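First subunit A sits with subunit B, and in the next complex the same chain sits with subunit C.
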Partner chain A sequence: MLDINNIGVSFGGVHALSKVTFTMPDKGISALIGPNGAGKTTLFNVITGFVTPKEGTVKFSGEDITGSRSEQVFLKGISRTFQNLNIIPELTLRENMYLGFIGKEKPSALATMMRFNRGYWKETTKRINDCLDFVNVTEYADMTPGSVPYGVLKNFELGRAFMSSPKLLLLDEPAAGLNLAEKENLAGMVRKIQSMGICILMVEHDMQFISSLADFVVCLNFGQVIAAGTYAQVRENKDVLKAYLGDEDA
Partner chain B sequence: MQFLYSGLTSGSIYGLVALGFNIIYNTTGLINFAQGEFVMLGGMLIYSLFCVFEVPFYTALPLTLLGCFIIGVLYERVFINLARYKTEINLVTLTIAASIIMRDVAMHIWGRDSLRVDDYIPVVNVQMPGGVISSQSILIIAVSMLVAWGLNMFLKKSKYGKAMRACFDDQTAAETCGINVRSVRIMSFAVSSAMAGIAGVIISPITFVTYDDGIMIGLKGFAAAILGGLGNFWAAVAGGLLLGIFESFSASVIPSGYKDAMAFFVILLILFLKPDGLFGRKKATRV
Partner chain C sequence: MKRLNFTFLVLMACVLGYIGTQVTNEYYIGVATLLLIHAVNATALNILLGYTGIISIGQAAFFGLGAYVAAVLSTNYGINPLLTMPIAAAAAFVLAYMVGSPILKLHGNYLAMATLGMGMILYIFMNEMDFITGGPSGFVGIGDIIIGKFDLADEKSFFVFMSIIFMVFLLVCELFDKSFLHNKLKFIKNSESACRSYGITPARTKVMVFASMAALTAFNGAIFTFYTHFISPVSFSFKYSVELLAMATVGGLGYITGGVIGAVLLGLVPEIFSAFEEYEMIIYGGLLAVVIMFLPGGIAGTLKRLVKRNA
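On to the complex of A and B.
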């Protein structure tokens, strides 16, 4: 599904990613872990076209997408959420949800404005309502993000990314800031999405959350891959333990 | 009442120009100081097509708007897109430079004299309570309101409108949703230029058209946008109408030579007392 090959990214003199290489399985849920500053979000930004790597390639379903613009990556079937919420503040959640769909749909401006294409609108409205319902935000649908609780917005962002029926969904710290009940609810939604055949790659710090969901885990530290495999394999890896717990000799 | 009618006429034009400022501001966060030059361009193009080449009005009008639309695209591609460092100050400076270039090119093509554009409709004075209003003024007010309504519908209901609003509010989120931010930016310049072209077309028979018309009408449109509150479309229309009425009434109490200064007096007043504009909303930020 996703081949990351020898990716290198530098910001000035800082090597954010160096020779990062791994292949994500074609199915299931994968996780990207590592201490703060390990380069996880930078790698997400490389995959989604927000950062162009100085070396290496990103292949998605065999196609080289390195250096593609963000909207092109989206059209190829990769959607993402953000560590810090990126929801348009001036639009209601319903309108924001429509944005998750907009890039892939091609009705004319006149048709969408004058509602000539009733079939399109009926179908789109149903899809928007289904997605709002799926992430449990229907009751907030006509509010703007400023007046909606944080946990609801986290769910919403997942719904918006899911709205475009992606092949690969990238979730950047989806459980951050959520309480236990909200996390369990989120885990249920992630499983449901995965059961629909959508691959998921998530960055997350909550190991319990990852252990309950991820089939494949990659650990980054200082911009390099230090371990990859099942959660149990990665957890036992000495370099991973050192990265999280520190060197005993230190 | 007569002052009110003439104020509404000029105010409608300021409102149209203010809408053009708002479209670009809402998608790019930029103030386009060449907006007035597109009004002049609309007037010049309709003069050339309708009066010089005697193209029928119903063909000349779409051709003029298409011309403004295409020049708007070229304007974005040349002046905005090629800027190496796209800081606000650089881009605003570029729009000022572009306005001067457009004015000079217009002077070389159409000359320095005021050009008279023939009337599109028969000129009739309609008796209204307390005064008269000409059929041309009614046309200007009606077209302005229609354009404002159409634009509002376009931005609120159409997917391009939503894309435009998304680009301004959060470019990252817009890109993540597959919106081509570059295309939206080009489209906003093109639509705003066409809108200024409409303003140029409808006022030409009343005010005539001169190569340097753009400066004053651009600045007054900007004043109207500031008065209403940048970023809000109906506020821009309201700002335009209020500015026009204010200007018209002020001419009755102070020497008419100071009429143009009123727009700048309004800008100063608003910036001192209510910087968000009369109808502007403060943005709430989650902390």
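On to the complex of A and C.
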């Protein structure tokens, strides 16, 4: 599904990513882990076209998407969420959901303004309601984000990305800031999305969350891949233990 | 799909109908016509700044461009005034598209400075190209709009014409406000990176909005030309751009009603405080400061919150 081949990114003299190479399986949930500053989000930005690597290639379903603009990457079937919630404060959650599909479906502005395509919007409203229901935020749908709990907003972001019908969904720290019950609820939704045939790659720090979900794990440290495999394999890797716990000799 | 704000539309139609049928004093009718012209400009700026997040301190220049294009074409080349209006709008659209493509890559203060610069350049052209514009002395001899057998030479008939244009404009704005376009522009205003990751190209949309609002303002400028029959660069200076900014902000950024409320309120300031003409900008500044500090969302935003709270 996703081939990352020899990716290198530098910001000035800082090597954020260096020779990063791995192949993500065609199915299931994969996770990208590593200490702070390891380059996880930078790699997400490379995949989604926000950062152009100085070397290497990114292939999605066999197609080279290196250097493609974010809009093009999205249209090829890759959606993402961000570490910081990108929910517009002055719009209700239902209105915020529009972002999930208008970029792909591009409904006619004139026809919509003149209300000629009522059928399309009726059908879309149903899809929005279904999606809000899917991520358990229906009761908050007509509220603005300021009056909605953080956990609900995280679910909403996942739902909005799902609304865009992606082939690959990138989740940047989906469980950050959630309590145990909210994490379990989120994990259930992630599994449900995956069972619909959508591939998921997530950046996450919560190892319990990852262990319960991920089939394939890649660990980055200082911009380099130090381990890749199943969660159990990566957990036992000495370099990974050193990256997280420090060097015994130090 | 959201329901249109029919209360606002009907209220505006009633007010305009009352002025058109009951007010006989030509001075007051003239003031009302100018308020409608300001309201269209302030609403266009509101769509730019309040919805899309594009700060423009050069709107007066587009207003002036439309006014001069219409004046020159109708007076020097004998083109029907009604035809000059879309031509003026098209000219402003092309110019704004060309200027907007590079400058809309800027944000915040830098964008404000760039639009200010564009406005200043156009203002200098209006002053210096006196062989076309008449220079600082102004452009005289502009004719009337004639529709069939109706010559819009008197205050009342022009007010009726402007009222019809204004109501059509308001209806289109309401349709825009209640469509997904409103949300799309607010997504762009709040997070361009989120938009890009969802397949929206903010740069293209921003340039289109900037050019469309420039065209609308220029169209309005052409109407202004045939109302005043005399134009000079002073009417299209930096000061007018700031006045429009104040109108949109005081009225309420991000609300269609905001531009209208701000234009009526601040448009009346020179009339009410005519004895203190030199202090006009201080009054504007004071109002602006009060609104920014105590009424976030402007008057329209505050009214909406009050209605919601009491609902």
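Note that in this section the second predicted complex is superposed on the first by the 250 of 250 C-alpha atoms of A that agree within 3 Å, B and C clash if a C-alpha of one lies under 4 Å from a C-alpha of the other, contacts with A are read in each partner's own complex, and residues count from 1 in each chain.
By our rule, a contact is a pair of C-beta atoms (placed from the backbone, for glycine too) under 8 Å apart; a residue touches a chain by one contact, two chains touch by 3 or more.
Model, not experiment: these values are computed from the prediction.
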- Put the two structures on top of each other at subunit A: do subunit B and subunit C fit, or clash? clash
- Query: Of the two partner chains, subunit B (first) and subunit C (second), which one does A:Leu99 touch, if any: first, second, both, or neither?
  - Reply: both
- First (subunit B), second (subunit C), both or neither touched by A:Gly146: first
- When the two structures are overlaid on chain A, which partner does A:Leu241 contact: first (subunit B), second (subunit C), both, or neither? neither
- Task: Return first, second, both or neither, reflecting whether A:Arg80 touches subunit B, subunit C, both chains, or no partner chain.
- Result: both
- Query: Where does A:Trp121 make contact in the superposed view: on subunit B (first), on subunit C (second), on both, or on neither?
  - Reply: second
- Considering only touches as defined above, state whether A:Thr48 meets subunit B (first), subunit C (second), both or neither. both
- Note on the structure: Both partners, subunit B and subunit C, contact subunit A at residues 48-50, 69-71, 74-75, 79-80, 82, 86, 88-91, 95, 98-100, 102-104, 107, 109, 112-115, 164
- The subunit A residues in contact with subunit C across the complex are 48-50, 69-71, 74-75, 79-80, 82, 86, 88-91, 95-96, 98-100, 102-104, 107, 109, 112-115, 118, 121, 164
- Message: Looking at the complex, which residues from subunit B come into contact with subunit A?
- Response: 153-154, 157-163, 165-166, 169-170, 172-181, 283-284, 286
- Query: Which of the residues in subunit C end up touching subunit A in this complex?
  - Reply: 1, 172, 175-176, 179-181, 183-184, 186-187, 190-191, 193-201, 254
- Query: What residues of subunit A sit close enough to touch subunit B in their complex?
  - Reply: 48-50, 69-71, 74-75, 79-80, 82, 86-91, 95, 98-100, 102-105, 107, 109-110, 112-115, 145-146, 160-161, 164
